[in-house]
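Provided herewith is a single structure, encoded as structure tokens, for subsequent inquiry.
Think of it as A, B, C, D, E, F, G and H in the order they're written, each chain with its own count starting at 1.
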Amino acid sequence: MIEEIKITRSIIKNAVDELLDNLDVDVIVGGGGPAGLVAATYLAKKGKSVVLFERKLSLGGGMWGGGMMFPKIVVQHEAKEILDDFKINYTQEEGYYVASSIEAVGKLVAGCADAGCKMFNCISVEDVMIREGRVNGVVINWTSVETAGLHVDPVTAKSKVVIEATGHPLEICKIVEKKTGRLNTKTGKIIGERSMWAEKAESEVVENTKEIYPGLYVCGMAANAAYGAPRMGPVFGGMLLSGRRAAQKIDENI
Amino acid sequence: MIEEIKITRSIIKNAVDELLDNLDVDVIVGGGGPAGLVAATYLAKKGKSVVLFERKLSLGGGMWGGGMMFPKIVVQHEAKEILDDFKINYTQEEGYYVASSIEAVGKLVAGCADAGCKMFNCISVEDVMIREGRVNGVVINWTSVETAGLHVDPVTAKSKVVIEATGHPLEICKIVEKKTGRLNTKTGKIIGERSMWAEKAESEVVENTKEIYPGLYVCGMAANAAYGAPRMGPVFGGMLLSGRRAAQKIDENI
Amino acid sequence: MIEEIKITRSIIKNAVDELLDNLDVDVIVGGGGPAGLVAATYLAKKGKSVVLFERKLSLGGGMWGGGMMFPKIVVQHEAKEILDDFKINYTQEEGYYVASSIEAVGKLVAGCADAGCKMFNCISVEDVMIREGRVNGVVINWTSVETAGLHVDPVTAKSKVVIEATGHPLEICKIVEKKTGRLNTKTGKIIGERSMWAEKAESEVVENTKEIYPGLYVCGMAANAAYGAPRMGPVFGGMLLSGRRAAQKIDENI
Amino acid sequence: MIEEIKITRSIIKNAVDELLDNLDVDVIVGGGGPAGLVAATYLAKKGKSVVLFERKLSLGGGMWGGGMMFPKIVVQHEAKEILDDFKINYTQEEGYYVASSIEAVGKLVAGCADAGCKMFNCISVEDVMIREGRVNGVVINWTSVETAGLHVDPVTAKSKVVIEATGHPLEICKIVEKKTGRLNTKTGKIIGERSMWAEKAESEVVENTKEIYPGLYVCGMAANAAYGAPRMGPVFGGMLLSGRRAAQKIDENI
Amino acid sequence: MIEEIKITRSIIKNAVDELLDNLDVDVIVGGGGPAGLVAATYLAKKGKSVVLFERKLSLGGGMWGGGMMFPKIVVQHEAKEILDDFKINYTQEEGYYVASSIEAVGKLVAGCADAGCKMFNCISVEDVMIREGRVNGVVINWTSVETAGLHVDPVTAKSKVVIEATGHPLEICKIVEKKTGRLNTKTGKIIGERSMWAEKAESEVVENTKEIYPGLYVCGMAANAAYGAPRMGPVFGGMLLSGRRAAQKIDENI
Amino acid sequence: MIEEIKITRSIIKNAVDELLDNLDVDVIVGGGGPAGLVAATYLAKKGKSVVLFERKLSLGGGMWGGGMMFPKIVVQHEAKEILDDFKINYTQEEGYYVASSIEAVGKLVAGCADAGCKMFNCISVEDVMIREGRVNGVVINWTSVETAGLHVDPVTAKSKVVIEATGHPLEICKIVEKKTGRLNTKTGKIIGERSMWAEKAESEVVENTKEIYPGLYVCGMAANAAYGAPRMGPVFGGMLLSGRRAAQKIDENI
Amino acid sequence: MIEEIKITRSIIKNAVDELLDNLDVDVIVGGGGPAGLVAATYLAKKGKSVVLFERKLSLGGGMWGGGMMFPKIVVQHEAKEILDDFKINYTQEEGYYVASSIEAVGKLVAGCADAGCKMFNCISVEDVMIREGRVNGVVINWTSVETAGLHVDPVTAKSKVVIEATGHPLEICKIVEKKTGRLNTKTGKIIGERSMWAEKAESEVVENTKEIYPGLYVCGMAANAAYGAPRMGPVFGGMLLSGRRAAQKIDENI
Amino acid sequence: MIEEIKITRSIIKNAVDELLDNLDVDVIVGGGGPAGLVAATYLAKKGKSVVLFERKLSLGGGMWGGGMMFPKIVVQHEAKEILDDFKINYTQEEGYYVASSIEAVGKLVAGCADAGCKMFNCISVEDVMIREGRVNGVVINWTSVETAGLHVDPVTAKSKVVIEATGHPLEICKIVEKKTGRLNTKTGKIIGERSMWAEKAESEVVENTKEIYPGLYVCGMAANAAYGAPRMGPVFGGMLLSGRRAAQKIDENI
């Protein structure tokens, strides 16, 4: 027999306990698009405790729509290994790999879960915690609080490192820039992405995956946008590589 | 070197060819929530050609949010096998299984892709094709055409069978009811769901998974809504079982 | 020293525990306007376990605005005792009592809390649980889920009796009427309020405070709207008396 | 017998007379959140004539929602006395006090009314009156005039001192900054709040509670936002202390 | 010297006193378009106490825009006298009179004020008062309360007779129809206007100007809409004649 | 008999001919609020050809709402003569005159029409014509083109002088400032109004009524906003005096 | 030299004269999509005076978007002649003709103009004129009046016959059905279109092109929607044939 | 017999092949208003491969509405030849030519198609491709992706030259200015248009038709807006001449 109150308790208790047990972790990832999912996965695989917060109801970010709503993505050779790691199917085409953008999202989410990362959706990062010149946590709230125009205070979550993987919006970096006035870029500010140039974007994104402020790493589109590299298009290899690179760098440092 | 025009061509050509090659299939599934994904997966596993159209950018429907945005779902014993089929992790709790709602969506999408179902997002079913008293296809359009209030004609896709898996909205059944005036229910109309009663909802949904009009099957929440069964809550077992049941019934009939 | 993670845990844990501990109570009140607050207070004073759900962020309903945004209310002699019970200040004027509508809300909320009722805001009643022809609980969700247009499943809460105190919208009665087809009114349906007639409205509201469906009581404006009595204006005495009456009736029956 | 026209006259006349009798007072408080309510209460207790204008229909501001819509607040030891002054119930937890955010609002409003402060809702401060380099009143209008996009002139209200307690929006300070170009801060401008840091925010808010322009005091979140202190979270002790501090300072000066 | 607080008091006191002194009058006119203004003017000229409530900020209704935003109106011979009564300038053209629609509104408002009618704007009629089968007043509120979606109770105003002059919307008749179920028309319901036919519309509107429910008169477009006569176009003679006719009929009866 | 096509022709032809005959006039007034109406009236009385364009459907601007939607205005002694010129009724009160804001609008429009000014509503000034460093006309369009978001080109109207009487928005001055970079103010820019100070505002508005750019005069609220004088409240005397002053200055110069 | 006022006069005068000269014509076409344009063209070619009113800024209706925003249309053999008449380019493909949907719109508008039809855009048909049981004209207004929510009266235009070519919305038929209660269909009402079935839709649309009420003809999608035929997709042949058929029938009858 | 799936395939395949075959062309025109259509036509006539992308569903831009929604345009003598080239009918009037704005759009689209230009609608230019300091393509997406607020990546199209013909919005130039910081104008930035001055605007637009950045030409309103020339009104000659001029210049250079 199905007892409704038991079910209600089960759901709320399990979810809330998981949240409360993970309010002080190694890594908080802001943004559940491809770069964030890849970074979270590789970090969790290396044994780090990782929590990912996504502001929307669904994870996957800009990958769902492929290019211009044609649900395919193209991945260059360098990132083939990551496709394989996540068991994403592809066909080969003159040096590229073409995959279903929908399958790719499903597999990234699946892989991230299997690696042990805790994922929470419908939650936005409203602010960061900065202590002694270092980001050491985020301030979170239900996204719907903002959508519904309510005035409700947020709560906090702590971590050794925060990853900014919110893509173009650079939501976390913008807060840090505004509050501290100084990021680790040439200008000290978010530089903003240049016009789309797939080739450059794909190669630069890996170099731009770095610590932009003590305790805060950027990866994926956010990295190129922050450091003034070209915009990325529907070639998703750089995004995946950048996610993996972020994981490597952080793993070496915490 | 990454050549942008080649990438553009690759993406559009692969996606469009996949669509054009699948305009005349065994089964069209309308709605990419859990019931639709499960039905599509088991049918594809049995060798049927299956196309799934989802109106939103992301698949997964109401499963992402768990219960009340606490991202956990509860599944009863009868559906455990399906969790295992899709490799969804769970913990056990007094006769139920508790899983991450986010992981569950990822795994369902991943499994559906691996089974060979072709999934298209951002596409709405606007109308059905009825020939000789039988649904034999759907009329589709970009969802964004409707969202943006544009006046643009749709195109058509054909199939032996259509599955209505759009949940509460019952988008396809509503069209068929309006256009034919007669569904295979007690009243000949959509009856509408009764108040939430998890236990009944979970058991009735499997029986209600049937051919509601020649060529049109309902499954998941849509089934209960059509036949006047209670509303389902965050117990997702019935949804999964209903998807599998739809696949079995259709497999026997086409 | 203030430790943020401890504070976050404290707030979430205390609030969630209070909710989980009160998912199976004597009385659930839907709506935190004056009638609901009064009913909840007197019931809690009599030792019942009472939970109140309000869909908005703030409680107080239509009382805040007095009449036409002039923040005063008028209360007739019969309800003076309730003003006194809640320690609401007033001035006397030819047979009426005039009070600040703002103070009145504050005092009702304060009194309700002191009586031991558990109040939750930002939560809507989406559906009811009906078992064996009797309402025995409600189906709840964050109001913001609906406001933000998200597709997220609700959870459930159980009680011996539910009080409909949502005013004009009659949110709970509408669900019961739609799902069961039969309320305990002359027509079996919600009758709808007649034109404003303060005198009649004030006297009828007390008689109309009754069990409109097994397990479901109406009070306040909802009572008059359900039973076809005149609409109430900025005379708030009837609202208060109706809330108290609901408490008395329920106390006798559970 | 209830005579409607008499009631209409009673409500309008009482409310309007109260407004007209209080157009020239000791203190005008802009904003009915916790800091404003506390400041108004302590000032009224000390015999000052105090009028509070709140732009929304309901008072209580950001306190209703506790933290992340979990309706609890945490208060540190230093502010316990204020909880007691307002008779707010709490439980103790490792050095903090946890209270219901809903009860807290009710009690603050109730206490403010009992102290004799006149509260008006639905009214916005559109502008200030500045005479001889000193704020000596505010310019008010129905908030709904602005919401409905109407072009309607405001009216004025006079006072010895104005308290800015509108929180983040700093509505009054923004007007004064724009019109006079010079506030009493390090930069002469509103500095803007830093990232959330509960501990610092809580201690700095009391120091930041001061006269920011002759005749204009800031308190609560507004104080920290104006002077560039960290943002406050769901720890509400500082807010209460700041409100009390504003009352003390003003009491010494007028 | 201009003293602001004195001015504020003057404006509010004068306006509120005028409202309070006119809450029990001979005639309440709902709607400040041409028909309402004319009816109010002729009644006031005959010594009746008349109050007019207009829901918008500006009076004049549909007359401002002439025909298709070309600001001219045409008036037939029968209504010339009314143009002269209000001193509206015109040019003659093959049996018609052409006037500026803008001037016409200004002159109607001016004439109405000179006749002694009290006009209030920004106020909607939300409901009527019906006592012993007779309309004897209206229930009013700020229009902005509704526009801003606030939940605020209305107040009441009493009169011997109410004139419905809200045009197409038939706001008052709709309430009476809904609440009483029976108007004095062929069907007992609002019939709805027929297609535009200037000639018929102009002649029928005068006959249709009558008591549609005890104590409630219709005039202008509302009269034709209620009784199923053709729609009126930019010929405004019938509107003026209907307003005058309403005044005559009411003058004979109260 | 009423012939509809004849009526249509009459209305359109008369309105369009009036517009086409007045595309090259002495004075164009932008804005039909009190200052614009007064200026237009006195100029027309002095024999100037005057056209007034109002963006809204109704003329009267911010005067309709009196103060805070209480429909009364206050006028100081200096402007009594203008009230008399327009036959606006008033009562006297300690040195001020109190009038109905609704009557006042009606009388201003009536007087403006009687003086011979041509008034057009629903038309916005989109741009100005500047030739040899002098404003010599305006560029106009239906306001609804902008409201409906259509892309439609405007047309032009010529005059010796243009009066900016759009109040706060300063619509015409903003265009001239943006296009020429230099207005005849201390800073060369629009300065923006200071906080409300009725007394100063009322006296300064008359001095600020001047030629702000060759061929362009400001009057009313626009004048104070342009020259950095205090904001005006519901004292409308200065508005009327400024309108008359503009008429005098222009009459001397063209 | 370009004189702006002369240009303004030229544009307004030419357009208005063309409208005023065509207020009493043989045929009024409501709707400027493909069916309306074709009907208007063939009628104008036969020497009828024809006026076409389109509610949008652009003509062409649903043809611009081809199928699902892929800008191609398919035309069957029977309509090839019409493509040739309008000089629309096509390629042949297994019995169909494929053309650019964009070119097709351009050519239809071009042909319609060359045939002498007068086209007006931005104008909606708000109502019809019915005299002695026959439609003999329409009531028109700027569409933007409705879009901007203004209350402005329309004007009238007369004709021997009106063509309903507004497609799905059936704007004119809906008015006639509502106002007369009886159309010339099997049910006397608009039947509504059946599900899409290109073949049937294409053949039935020509038969359904008929006089649906004395003086009112339907053609194109409107014809199928009115008579309950299947919905048409991106095969545009039937639309063109229906337009030509309407022209033939009307030509025989007036 | 009409086979729906064949039609669907035909439409999608033809449209997509045309797009894929034209992803690497001589000229890409951004914007389908009159200037863009004329430029595209003359270039295509000279044998260049030309693709035009229009963000709206309909081409024609601001020309549809003539002046102030009066659907006529005026063209000066210099552009008469272009009217003749496109077979646009006109009447002569004191040195100008007056044409129907609706016919003009139809004829421009028709001529552009006949010349062989490929036109795509519903597609926006989101970004440009810049390689070695030269614009060599654009980044495109469905406009509806943006309208519907979806997060979907764009694709790319390549060309020797890009023409900016988006009018006022200067969509492409704004991107280039933002991304490169340097346009070929006096200031290096977009200067912005001056006030309307038909004569100057018409003559300057031809000179301003030039290469504003290597590989990027401006024409039509965009040219005047970029170089700080006066705004153009409903005189469309300059627009046509500018389009032709752009074609000439580009033809000489590629």
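The criterion applied here is as follows: a residue touches a chain if its C-beta (ideal position, glycine included) is under 8 Å from a C-beta of that chain, and two chains touch if they have at least 3 such contacts.
Given the structure is predicted, the values throughout are model-derived calculations rather than measurements.
Visitor: Need the graph distance between chain B and chain E over the touch network, please.
Guide: Minimum step count, chain B to chain E: 2.
Visitor: So chain F and chain H: same face meeting same face, with over half the numbers shared, or different?
Guide: Different; most numbers are used by only one of chain F and chain H.
Visitor: Return the chain pair with more inter-chain C-beta contacts, choosing between B-H and D-F.
Guide: Of B-H and D-F, it is B-H that has more C-beta pairs in contact.
Visitor: Of all chains present, which has the mean Cα position farthest from that of chain G?
Guide: D
Visitor: Same interface as A-B shows up in which of F-H, E-F or E-G, over half of contact pairs matched?
Guide: Comparing residue numbers across F-H, E-F or E-G, the repeat of A-B turns out to be E-F.
Visitor: Need the CA-centroid distance for the pair chain D / chain E, whole Å please.
Guide: A distance of 43 Å separates the two centres.
Visitor: Please report how many Å separate the Cα centroid of chain C from that of chain D, as a whole number.
Guide: Between these chains, centre-to-centre, one finds 28 Å.
Visitor: Can you check how far apart chain D and chain G are, centre to centre, with Cα atoms defining each centre and the answer in Å?
Guide: That gives a centre separation of 62 Å.
Visitor: Please output the residue numbers of chain A that touch at least 2 other chains, ranges allowed.
Guide: Residues 4, 7-8, 11-12, 16, 57, 64-70, 122, 129, 142, 144-145, 150-152, 155-156, 196, 198, 233-234.
Visitor: I'd like to see which chains touch which, written out pair by pair.
Guide: Those chain pairs which touch are A-B, A-C, A-D, A-H, B-C, B-G, B-H, C-D, C-E, D-E, D-F, E-F, E-G, F-G, F-H, G-H.
Visitor: Can you check the complex and tell me which residues of chain B touch chain H?
Guide: Its residues touching chain H are 4-5, 7-9, 11-13, 16, 19-20, 23-24, 57, 122, 129, 137, 142-145, 147-148, 150-152, 155-158.
Visitor: Which bits of chain D are touching chain F when the two form their complex?
Guide: Residue list for chain D touching chain F: 127-131, 139-142, 145, 150-156, 175-176, 179.
Visitor: Enumerate the contact residues on chain D facing chain C in the complex.
Guide: Against chain C, chain D makes touches at 1-2, 4, 6-8, 10-12, 14-16, 18, 57-60, 64-74, 76, 87, 89, 91, 93-94, 96, 98, 100, 102-103, 105-110, 112-114, 119-122, 142, 144, 196, 198-199, 202, 233-235.
Visitor: Of all residues in chain C, which touch chain E in the complex?
Guide: Within the complex, chain C touches chain E at residues 61-62, 64-70, 167, 194-198, 231-234.
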